[in-house]
Amino acid sequence: MSATLRDPAETERLVEALLFAAAGPLSLEDIQRRLPEGADAGRAIEAVRTRYAGRGVELETVAGRYRLRTAPDLAWLMTEEREEPRRLSKAALETLAIIAYHQPVTRADIEQVRGVSLNRGTLDLLLAMGFVRLRGRRRSPGRPVTYGTTDLFLEQFSLANLGDLPGAAEMKAAGLLDMGVPAGFEVPDPTRADDGDLLSMDDGDDAPEFAQDFVGGEEP
Amino acid sequence: MSATLRDPAETERLVEALLFAAAGPLSLEDIQRRLPEGADAGRAIEAVRTRYAGRGVELETVAGRYRLRTAPDLAWLMTEEREEPRRLSKAALETLAIIAYHQPVTRADIEQVRGVSLNRGTLDLLLAMGFVRLRGRRRSPGRPVTYGTTDLFLEQFSLANLGDLPGAAEMKAAGLLDMGVPAGFEVPDPTRADDGDLLSMDDGDDAPEFAQDFVGGEEP
Amino acid sequence: MSGDLFQSSLEFEAAEGAAEAGESLVVDIDGYEGPLHVLLALARTQKVDLLKLSITRLAEQYLAFVMEARNRRFSLAADYLVMAAWLAYLKSRLLLPKPERPAEKGMEPEEMAAALAFRLMKLEAMRKAVDQMRALPQLRRDVFTRGDPEAQVVIPSREIEASLYDLMVAYVSQRQKEAQRQYTPMAVEAYPLDDARERMREMLPRLKAWTALGGVAPQGHPAGGPSRASFVASTLSASLELVKDGMLEAKQLDAFEEIYVRAREIGFPLELTP
């Protein structure tokens, strides 16, 4: 085995792997120390430098230490890509969960479950991302708008339909309902909610005249 | 400049740099989207794969996406980068294997294969580690929740897709991945002998095809 | 499925050795997940294709295992005993001559044996799969992606990073917080005045000397019932009624001071001092 390891081509492979996986630049000593006895680190480093010259990834020497980095002329390709992963805030995820299980829900319903007032931006974000939609107005004083989830929501969570949302039994099975839950804790079945109980969006009290414009087709 | 960018060698450089700078595996679309118009991402990826074959760093397909990683035979060299693996119990590993090879599976399926009831913490741990996910419900009485593996599972085990699970093809050919055969094992019950009922998995295909299984399935 | 690739675990070897030794079966029961795992270990000692397994022999081995475990006072879980009973039943059905006409319902013993063999094969396949999965190159154990975290600037994900599990956790935590916020006032139980009156009347003979009202009123019970304050209040009300009836005297040295009561000699008229 050691014969193979003194093989320059093999040593080059090792140096390549070390440089790639290192959390920062490595010195000649760092590399030599980690190579098997008898391997020529210096020569291997130069071999790696030659191999990568002109490629998309190059060997760079900084303050006497070595590292692999993307070629400087490709910086344009990289800078554009500094995008944050779309991560939902805790508040947004919690709001989404309540809408999913309790839909159709009003803003007040959500606030009641969460115990804090709902930041306007949270709901807007969920609407803008396409996970939440308006579902109609509730037949109750003030005719509040209700919210529900969209098909995109189902897609995101790989659900065939709302009936596939995990219920209380699964929450229990997943160990989430061990403590602090009152007797009679129930998870509503979102499929039971029927839009038939809701008024159409244009029926709101707070925009009565304006709404008429949109009903157009139904008017004689 | 655009002439240069459609040059396959240049596209290869760009793909190399993108893969090198990526925080996780990139899909073909991820790469194509970032390349200039007209560049052939697929061809460039294959060129990179060929170029790196046998080197200390190689191109690998995991969960249908691409990443650069150190060559598996150099594991011995990477002592300083190695993380202490999180130990999974024998029960957890067996459960993970059963889910991986049979997905989508229910809790009852897992228990049937192992002949013991599933410790509550086992599935929770796999869910919390992100190796297992909820996949939907089976269309059978009680509508039990089914489980499957995640992309993270494939990334952890360096698998291009579920079809690459070791021995999966042989097991399937030998009928070992069917759930229905051992009817009547616990209690002889002629009504259960009809394995047509028991085999009806959600997507009707027990070959673990990695796809967004439930997306666009049925409308509520 | 040959057993060659199967990597024997230590417990497995223990059972194997034990089974070959026949009577002197020594097993670490804790090493097994369940009866099926024991059966698989025992079946492997027959060194045949699991489909050609002698179920009767397996049943005997298993029954010996259970017997031995019980002799050694291992407490066996119920499912081990259920399996033993089932195997004993299966064995007897396999050994009995076949009835002239087939049983009207239920499976033939051969089918049951085949089903058992299938389950063992399946479990063995999964255990083999575990070993093979362990041998796969694992991230951060065998293979490594680029190490420099700051240089990783290309972010692949376009989807949001949230799983159904995250959604469930978010939902449950909200509902739990909601439950904690709900305040249900406990119905206050009062010490009935009638009870206090009756009790004071009974106590009168013992109140010859001035006695602090606090000592006269019943102590509250930590397990429930009326509070100490209610006991004191009702006792005071009852005492004042008795004072009015001329059966009790009460005095208080100053506002907020302790109130003292004592039984009044019968016959003394009530003196109303201004």
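All chains are identified by letter, namely A, B and C, in their written order; residue positions are counted from 1 within each chain.
Just so we're on the same page, a residue touches a chain if its C-beta (ideal position, glycine included) is under 8 Å from a C-beta of that chain, and two chains touch if they have at least 3 such contacts.
This is a predicted model, so every value here is computed, not measured.
In terms of inter-chain touching, the protein chains here all touch one another pairwise. Farthest chain from chain B, judged by C-alpha centroids: C. Centre-to-centre separation between chain A and chain B, using Cα means, comes to 19 Å. A separation of 36 Å divides the Cα centre of chain A from that of chain C. Under the contact definition stated at the top, the residues of chain B that touch 2 or more other chains are 18, 20-21, 34, 68, 70-71, 78, 81, 127, 133-134. Annotation for chain C: residues 144-147, 151, 153-155, 157-158, 163-165, 168 touch two or more other chains. Per the touch definition, chain A reaches chain C in the complex via residues 17, 20-24, 67, 69-70, 78, 81-88, 90, 93-94, 96-98, 100-101, 112-115, 129, 156-159, 165-166, 170-171, 174, 176-177, 180-182, 185, 187.
Partner chain A is touched in their complex by these residues of chain B: 12-18, 20-21, 34, 55-57, 68, 70-71, 74, 77-81, 107, 120-121, 123-124, 127, 133-137, 143, 145, 202, 212-220. Looking at the complex, you find that chain A touches chain B at residues 12-18, 20-23, 34, 55-57, 68, 70-71, 74, 77-78, 80-81, 154-155, 158-164, 166, 170, 173-175, 191.
Those residues of chain C that touch chain B in the complex are listed here as 1, 9, 33-37, 79, 86, 105-107, 111-112, 115-116, 118-119, 121-123, 125-130, 132-147, 151-158, 163-165, 168. Across the complex, chain A is touched by residues 144-149, 151, 153-155, 157-182 of chain C.
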